[in-house]
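Chain lettering (A, B and C) follows the sequence in which the chains are written, and residue indices restart at 1 in each chain.
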Amino acid sequence: MIEVSKNPLLSFPEILLRGVGQVFFQNNPWTGLIIIAGVALSSWMAAVDFLLGGTVATLVARWFRADEESIRNGLFSFSGGYVGLLVGIFAHPAMDNPVVELTVYVMLGGVLAVPLTSGLTHALKRLDLPAAMFPVVVLLWAILAGILNTGLADFSAASPLLADHPDISPAYTWKTWFFGITNGFGRVFVQLHPVTGLLILVGILVNSRISALMALLGGCLSILLGYVFGQYEPILRTGVMSSNPILTAVALGGVYLYFSWRSVIYALLGALLSIWFMVAMTVILAPMGLPATVLPMVLVVWIMLLGGQTFGFVEQVPLSEVTKPEEHMKHPGR
Amino acid sequence: MIEVSKNPLLSFPEILLRGVGQVFFQNNPWTGLIIIAGVALSSWMAAVDFLLGGTVATLVARWFRADEESIRNGLFSFSGGYVGLLVGIFAHPAMDNPVVELTVYVMLGGVLAVPLTSGLTHALKRLDLPAAMFPVVVLLWAILAGILNTGLADFSAASPLLADHPDISPAYTWKTWFFGITNGFGRVFVQLHPVTGLLILVGILVNSRISALMALLGGCLSILLGYVFGQYEPILRTGVMSSNPILTAVALGGVYLYFSWRSVIYALLGALLSIWFMVAMTVILAPMGLPATVLPMVLVVWIMLLGGQTFGFVEQVPLSEVTKPEEHMKHPGR
Amino acid sequence: MIEVSKNPLLSFPEILLRGVGQVFFQNNPWTGLIIIAGVALSSWMAAVDFLLGGTVATLVARWFRADEESIRNGLFSFSGGYVGLLVGIFAHPAMDNPVVELTVYVMLGGVLAVPLTSGLTHALKRLDLPAAMFPVVVLLWAILAGILNTGLADFSAASPLLADHPDISPAYTWKTWFFGITNGFGRVFVQLHPVTGLLILVGILVNSRISALMALLGGCLSILLGYVFGQYEPILRTGVMSSNPILTAVALGGVYLYFSWRSVIYALLGALLSIWFMVAMTVILAPMGLPATVLPMVLVVWIMLLGGQTFGFVEQVPLSEVTKPEEHMKHPGR
């Protein structure tokens, strides 16, 4: 079990920051601190929404007497906070009085995230699968669609993927790679500021070199694929193609599967699949006006873990023992 | 096990009426009798469709040698009947020769409801969840979409939520509350007759005062929420906002969770969530032209029960022991 | 366990052909040989796509050390091959350079099919359900929607069901029955060549007379239903109404349920349901531009098996013992 600070004045912020780190599967408050600083640099409002949603969710989880270890690992601050941040970003343009309305919705998201997260985590354990961001996306869609009860605002319009563009793409340069990958980190929080992305990468590196490496490999793969298939270059620069493969590569490369050259291959196959799923879901959800966000990654991680459970090729870390890639490799029997 | 009348002439009607009561989670033939009378008052055709679908489903379930206790508890008369009623109401406008065609479709719904209900009930038991209306809604959608094989009639148009309305809402008066709540009961059967709603409430009261109380609290919450968020008043009067929270509050407040002040809070949180889900689903389903009906309630009940299984805050009644709220409280160990 | 040829030069083609047969639930290489010949007669490119996708999937499954018995039964050659064939057919019109692009996509489909098929098969085993074509359809949708990342080509337009047609149907003749049923077999591979259909029927007959009989009954039911409900005759001739009930009748009539007059009735009820689901899904998926293909059959088979597990009326063959209808009847205890 993770040791959380015994000083109650410190333990609560620690839980909140662990929740931030969990977005990139890093259960480490310093990682969380660096990441949330990176987000605040791009949008202080987004950072506030995350912390507000995370605070409400953690308090409600305590009140509901949810599993104490999950609370301390930041499960609820993660999902309440992340749904708060996403609701804030997507719903903002549809609001007359954003400060009051967003506060209400972010807090509502934080409350509702608790049963959804705890229940789905519990149900998915039977398949040895993590709930990851699944509860977050379900709740995000419910709140987004529910906010506008006549005529759905087109939240999917926020995706650069669906924008019109010329047939001829500008040339791919080092900038494509640099911004495509760094913005891929920021895109997880729907931020478009390269320093945000760099700080997130540093935050991951603080906790796990393996995760940072996998994140970079996932990001490179998305740019490479865009290059091979002739994707319109400015789309890649927004990071919209990279966020899902980055998260998928991290999740499969060491966090949920024991790290090895085989799991690297397997994780990159998952990252490849997540790019397809992301494009597919963005298109499929467009008529309903909803954003896919990180759902493609969640589905791909589930598919690859379910598959991995049946293959001799890779080995899954038992869910109750998931900490970080480097720790997993120390365990006896590996 | 519920004792059903031993007189075969009486046992079959008793099973049918228990099925009617099950729509509001009340396994009581007198409740069913009062409710179906209330429905018939508003539309005798709807009542006939329910009884026809329920009869077919019960006979088919017997023929298939389904679980006898489930048959006697009205599981099949409930789901075959309810799908029959809903198919009748939504499909009616699309028919050239309604009497013949509806009879065929209602009977078809009754037959198909049997494997779907029995199978899903069986599968969901592994998660300690009730199937509730899930099979009904799935079958309803399949039949509605299947009826028109070129160009979907817009069944979602039946939702007052999606109709155009002026920006300024008329004032909320006692009538908003009275009709909003009573029509919320009737809306479960897509009926708009206040006496129907009152009779349903009386029917619930005959079986369980706790359920009747929870139903009223769920109804009040929906009007309150509409008031706070400035929902257009005539929408509320149709009861379309109240039906899902009423059912959610009943299901979570005593039926599937042991009744306590904590489960009342938890049930009302579920009722709140069901309002969001209802608005969201109505909007999401609109491009496909399908009605959400009570599916939001089912999903919310699942989420809250799955969550509740992991919380110390509330306690779930084992599915095999679900009878009625007052009975549950008598059990030892509570 | 199935005995596969020990000669490695023969075992690989045998695995590929078993995979072809598995599309009609026939684990028999001769059946596969006749079927793939029938497909090649109508479109040699479709046959090549199947064999290419199946080869890639089988090699990847070996590399991943997937369950050896599943590999030998053609599970991976079936799903990789079938997804390859379907991707080839639906995506072809959207391609500038079909030969190169399709080869890439068909191979991609073959790779991705492996974790998806193995994982879902593993997960569904807990409910005693076969994954069947579910992974195939999920992957098909992901690839189709992902191919075109701005503006979805309308792949559902390939369905004759959605085409405009006059109100008055031409008369039903023996040709309706003959072509409607034979094309129903071919339609599973999206082929419209009556000899293809006849060869598939012969292929099934080589392995199992019961399956061939059930296939014909399922096909007849679809034409009969079209006749009763006045479906526009040329639609029926394309076989689009028959493919799902044919597969459903085969799956439930002897393959997954022990064969008896009761399971024949039950299978035909499933076939009936699959027609509704097929029409419903085609219509529901139209706004997203995706084809339903055989998903209706998969869902109906799941529903009927889940239901069947709870009924005394029919008995399910344990998944690990599924071979062919005639074999199942020899087992002791039947």
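Keep in mind that, in the parts below, contacts are C-beta pairs under 8 Å (C-beta built on N, C-alpha and C of every residue); 3 or more make two chains touch, one makes a residue touch a chain.
Computed from a prediction, not measured in an experiment: that's the story for all the values here.
Engineer: Same or different: at the chain B/chain C interface, is the fraction of residue numbers used by both copies above or below half?
Structural biologist: Chain B vs chain C: different; shared/all numbers falls short of half.
Engineer: Between 0 and 180 degrees, and as a multiple of 5, what angle does the rotation take that fits chain A onto chain B by Cα atoms?
Structural biologist: Here the rotation carrying chain A onto chain B measures out at 120 degrees.
Engineer: Whole-Å distance, chain B centre to chain C centre, using C-alpha means?
Structural biologist: A distance of 36 Å separates the two centres.
Engineer: On chain B, where are the residues touching two or more other chains?
Structural biologist: Expected reply: 126, 287.
Engineer: What residues on chain B touch chain C, complex-wise?
Structural biologist: 63-67, 111-112, 114-123, 126, 141-146, 148-150, 152, 287-288, 290
Engineer: Note which residues of chain C are touching chain B in the complex, please.
Structural biologist: Chain C residues touching chain B: 126-127, 161-162, 164-165, 231, 266, 269-270, 273, 275-277, 279-284, 286-287, 302-314.
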